[in-house]
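One structure is given below, encoded as structure tokens.
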Amino acid sequence: MGFIETLGIDIIENHADGVSIECLVRKEFFNFRGVVHGGLTASVADSAMGIAVSRHYGPDTPVTTVEMKINYLRPVAAGKLVARSRIVRDGKRICVGQVDVRDGDDNLVAIALTTFAVLKPAS
Amino acid sequence: MGFIETLGIDIIENHADGVSIECLVRKEFFNFRGVVHGGLTASVADSAMGIAVSRHYGPDTPVTTVEMKINYLRPVAAGKLVARSRIVRDGKRICVGQVDVRDGDDNLVAIALTTFAVLKPAS
Amino acid sequence: MGFIETLGIDIIENHADGVSIECLVRKEFFNFRGVVHGGLTASVADSAMGIAVSRHYGPDTPVTTVEMKINYLRPVAAGKLVARSRIVRDGKRICVGQVDVRDGDDNLVAIALTTFAVLKPAS
Amino acid sequence: MGFIETLGIDIIENHADGVSIECLVRKEFFNFRGVVHGGLTASVADSAMGIAVSRHYGPDTPVTTVEMKINYLRPVAAGKLVARSRIVRDGKRICVGQVDVRDGDDNLVAIALTTFAVLKPAS
């Protein structure tokens, strides 16, 4: 059981340019101020992009996160996180994507911009 | 029990300008390629900075992560992550810090640059 | 004459949530590979956001760039850069925005995510 | 004459892991608040890293900026900017570096974290 399963992340919708995933907020995700830890939100955003990039390039082309930048816009204390990833550039070596993270009331709570490296296909 | 405890993060050293924390790698932190999920590394980096900033400004001054950017330099498949945070600018409103994340063999595995907002003291 | 005038940046459209600006490509903006230097694109993106944030908060509220992250998606060797900024969160202390930069053929050439600090009004 | 020459950037020292460059502050670099425009500082930081990466990989290996993130720590109104780049990871495909930008009084005024793509050697 990996990190995505540990966090309880589920894919809820596939899009032409990305994916929407969901993660139910649990108290074990909180920081000491009683809101969701930024690391959890970053994990959900990274997962949304990773799933989108893996699907886009296919199972024979390994991809890996080079870097991610995330802005936290509002604290989340209950409900769920829904992350929608969008590939904005699908190069041969580099793939760039953007992720919106919303809470259960559809408020934008975080926005991320991330870069993946596309490794050579195995064959 | 919050996210830091859920992930098993421990403070191992206090420094004048930051803190060193440690997180033992567990299989439940892996992505589907069998290495530590980027979200876990981001969570450890964010925690190292959050703890440093909270201590620096003190218990009466709430702080919150505005944004974080992290570069992943090497995959990690075993051992531990050690994150060392450094405050590089401690403004009245904005605090900026840098975090080095190393594995158990002291290889640099990630580097982060992050911004916190310093909110008004309660009194 | 400031940097915006030095670079020849013009505002071409105001939007409810941001602004569109334009910068004609000149050879003096090139790097040694004969394409626009990343610093020029970053300058245009930062300007698009700075103008939007200044207008949004008004002349009595100083704002300042805290940080910017920009991904370069395609090289540009001729024509113009058009940057469209969008404020995604207008907090009391922190304003976050996103900028799309396109070339004269409407190709997305860069995408930026940036944070501004909103300082106290003078009065 | 390219952007680096337009801005008046000079290399002042080579290091094992990077380079130090200098740019004299001119009024034409100012924003409307009378301090150096963030785009100028970003241009200097990007140049410091680009020069370091180009030298490290050599003239037959083209490199290109994938992305840059920069935090602005203090405004600069006079004197000079000195940027010191450091390569922190020199992979086969991806090179990651960090840049410190200081003013003429040796105050840290900006810090950047940036990613370059290493393209295949021509031969």
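For clarity, chains are labelled A, B, C and D in written order, and residue numbers in each chain start from 1.
In this section, a residue touches a chain if its C-beta (ideal position, glycine included) is under 8 Å from a C-beta of that chain, and two chains touch if they have at least 3 such contacts.
From a predicted model like this one, the values you see are computed outputs, not experimental measurements.
Chemist: Quickly list, by label, the chains bordering both chain B and chain D.
Modeler: A, C
Chemist: Of the pairs C-D and B-C, which shows more C-beta pairs in contact?
Modeler: The comparison resolves to C-D.
Chemist: Would you kindly tell me how far, in whole Å, the mean C-alpha position of chain D lies from that of chain C?
Modeler: 19
Chemist: Using Cα averages as centroids, what's the distance between chain A and chain C in whole Å?
Modeler: Whole-Å distance between the two chain centres: 26.
Chemist: Just how far, in Å, is the C-alpha centre of chain C from the one of chain B?
Modeler: Here the centre of chain C sits 30 Å away from the centre of chain B.
Chemist: Please output the residue numbers of chain C that touch at least 2 other chains, ranges allowed.
Modeler: 66-67, 69, 71, 96, 115 - these are the residues of chain C that touch more than one other chain.
Chemist: If each protein chain is taken as a node and each touching pair as an edge, is the resulting graph a line, ring, star, complete or other?
Modeler: The chain contacts form a complete graph, every chain touching every other.
Chemist: With touch defined as at the start, can you tell me which chain C residues reach chain B in the complex?
Modeler: The contact residues of chain C facing chain B are 66-67, 69, 93-94, 96, 115, 117, 119.
Chemist: In the complex formed with chain D, which residues of chain B make contact?
Modeler: 69, 71, 73-74, 88-89, 96, 98, 108, 111-113, 115
Chemist: Going by the contact rule at the top, pick out the chain A residues touching chain B in the complex.
Modeler: Against chain B, chain A makes touches at 1-7, 27-33, 36-40, 42-47, 50, 62, 64-72, 75.
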